[in-house]
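First comes the structure, then the notes that go with it.
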């Protein structure tokens, strides 16, 4: 009951931001995925118009953008941004408003308080953005809307962005929980999260991506838990 | 001897290399209302936070209701009410939401009716959001939240800071309400000595991190005294009397602050030094506190205060 | 996490310092101007220069022509196409003028050679990264169409390493992999380590064909026919270089010279492998030829720099014959990357250059058809640049003195042997390792001493002290900064022994004295319960 009360409180605090993030991604997706019916060969003009057998072709014409490219790009920014905002909301704002003392004196363990925050962040990232992403992907895969289904890689990239949002969240939390100065070690949490994000998105092997993401989350999570348990408020 | 609900042993805290609290040894018995006094930066909030497990002591330990402060369990925290300095609450919540939130942590002992009565008494609406309340109203909500679970131990860190007299009176009445419930203990820090004088039965004084007084209020009131001695000729440059805290010297007069010195000893000193006349100055608790915690040989800032 | 970040920051700082020194050296005071060269060439000098600048072209019968091209007053560079104003002069091997006029009207048809695919036709590993990288929603997709109508779309699936086909209704047609068409993703065989691919439109189709190169294989993928042909497989090592000649039909109109080999087209693929073996894949009729070369010619890619100076091979095929042209120079190649001094000496020395034409038999034997040599004159008044010596040579050992000892240990443990896939890691360790130098040991000892002095006043635990000392010993400056970041706790002066002591323990780590207890005197009002 205590955990639920804490979770509800954290989710309620996060609500405006997660709604905003979901609406942005949904809006971009709906704008991009406007159904064009009936489907026309002219949609692929670069392959049909002006085609003459035996002619050279610039190989890069074979590289196309998925229908979900634009929403995917936006999601790649929105998810980490949401993670950053949630980290600030959960860990920085109580420092400024000095409500940590009130929160930590609830009859709940520190680990319960932290677990509620982490769970709220995970839910806030996964549920709204995940639902939006699934909806957009299913819509993009409808044959009456677009003839060719979206590659699974594109679908996975959205989930990767959501996971990286959690990495950024943990990095923000770790920086907030540090008592050092910004120009010394306080920045390390955010710096590590940022570097991890860029490093992971540059990978292309799925196993490496999953492994590195899990590793980054694990490192940050362990440090966040340790910092939270030891920190003085 | 009554049960000890709050105990500290050698509680010490360093911030960096600076000593904030130096070996605080304290025992608060059950049923006591203890005023925790000290000047700004004396270490009161530091001590309270260490008692509640929000800060880690550099040395020493604290125990609340028999449980080590470093490992306060949720069950023990349920029995402790805490009013934070400045009454920091979640600004986006309404009073009703805050009540629901708070209640979740006290499923067995939350007194709905009592909370409702308090809110009604303070003429607040449960739909009001915390951010729309004044400081005083927030203090009222804070007190209601702390009292509604019927805590055994109530710790308040400067609860009346910035409140007007009327709100402060309500606060004290709330405390008295709690006090009337048998076995409840209150520890509160305050700069408003008049409030302390009204309700406390014990005082603890911390000065620059060091414990200076831990005694019943009456004992403190009786022990800290001011004597003004007048001389026909030049007054002695210094007073040789045991228990002398401060001595201010003017041409024909000595103003002494004494700690735990009886009337007979003062009379004997006056006779030995040839004082023409001496009298005890009436002091309230605030005056006594200021004199007690003044640095040694301090001079008044404004010379017009000097006694002629 | 802290250690990783500090290591990264340190590497960046080290790199910046050494490269900054190089930049400052490079943009430093200019070299003194060379003595002015004479403006007029003698007749003989002009003739030698003309011969040197001429294109050496062979006729199908092996006859050599020296073709000089000019655009206005200048020599036309070999690699640029002829313009309407390009003038050509054709000389024979005895330097007799055979023909001159507009280059496009040259009546001779010369042998042409397999070349590397131009950039716009070539899709390599770096391009593939943008397809594979999960964070980019880019797709490699190949259409299958008839005139005016799209039928199918084949998309490269980076994880399954195959192509997945869809029809216009979104239904999956099948999977094209190394073994051809498969009906399910479980049955399809992946292509393997991708290197690059070429693409062209065959003359009778609206659907492109891909020539897909992996580490050791070449596949030709015809999406319209849903077929995959294994064109070539290297028996042992990876394919290092691949060139095509008339393999893709549209190049008929794009090969250099008018109608080169046009009358007798014979598609050819040339592959050189990492172990310096040469293979030719020809069609009409189809054949794979392993070319036998003398060992002394096989100096590349073993010695990369030798390729600049000779043993350049190009191949071409005609109806009856497969030819090889070899170009080489009589000058010892550098053993390592040449510095400016080496270059100056090279240019200042006259050299003999050769061009040879060989016929390649079906068994891969080389028969010399013709050869010709000419003199590459020395450049007079060539001076060595005033700058010499890359400053990074002496900056790096000093900068690398702060690198972790762990890099040296990894190098000694043979990390280079395991870095074929992670070449960058091996190169990185090679460039930044301290090299067991004295200055590195000196820095390490100083840092260890500082760490010990710092830690012993703060922590009495031997295990902790040993841990941090080992970390600093292994990671040098990065380890020390990590220790400092995580252990810079305050100290106070012990009231008993007067030395600095930490506050993480109650008792002084040096003398064991507890923190002093304040005395309560007469003026305190402490009344017990």
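For clarity, chains are labelled A, B and C in written order, and residue numbers in each chain start from 1.
One rule holds for everything that comes next: a contact is a pair of C-beta atoms (placed from the backbone, for glycine too) under 8 Å apart; a residue touches a chain by one contact, two chains touch by 3 or more.
The structure presented is a predicted model; accordingly, all values stated were derived computationally and were not measured.
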Per contact tally, chains sharing the most pairs are A-C
Return the chain whose centre of C-alpha atoms lies at maximal distance from the corresponding centre of chain C. B
Would you kindly tell me how far, in whole Å, the mean C-alpha position of chain C lies from that of chain A? 35
Any idea how many Å lie between the Cα centroids of chain A and chain B? 49
Centroid of chain B to centroid of chain C, CA atoms only: how many Å? 75
Mind listing the chain A positions that touch chain C in their complex? 39, 41, 44, 47-48, 51-60, 62-66, 68-69, 72-73, 76, 141, 143, 146-149, 151-154, 156-157, 160-161, 180, 184-185, 188, 191-192, 195, 201-206, 209, 219-220, 223
Touching residues of chain C toward chain A in the complex: what are they? 1-2, 4-5, 8, 120-123, 127, 129-143, 145, 147-150, 153, 155, 157-159, 166-170, 197-206, 208, 249-250, 254, 485-486
Write out the stretch or stretches of chain B touching chain C in their complex. 1-2, 4, 10, 12, 14, 16-17, 22-23, 27, 29, 58-59, 205, 210-216, 219-220, 223-224, 242-243, 245, 259-260
Footprint of chain B on chain C - complex, ascending: 490-492, 503, 506, 514-515, 517-518, 520, 522-529
Using the touch rule from the top, collect the residues of chain B that touch chain A in their complex. 49, 52, 54-56, 74-75, 77-78, 80, 82, 84, 86, 88-93, 100-101, 104-107
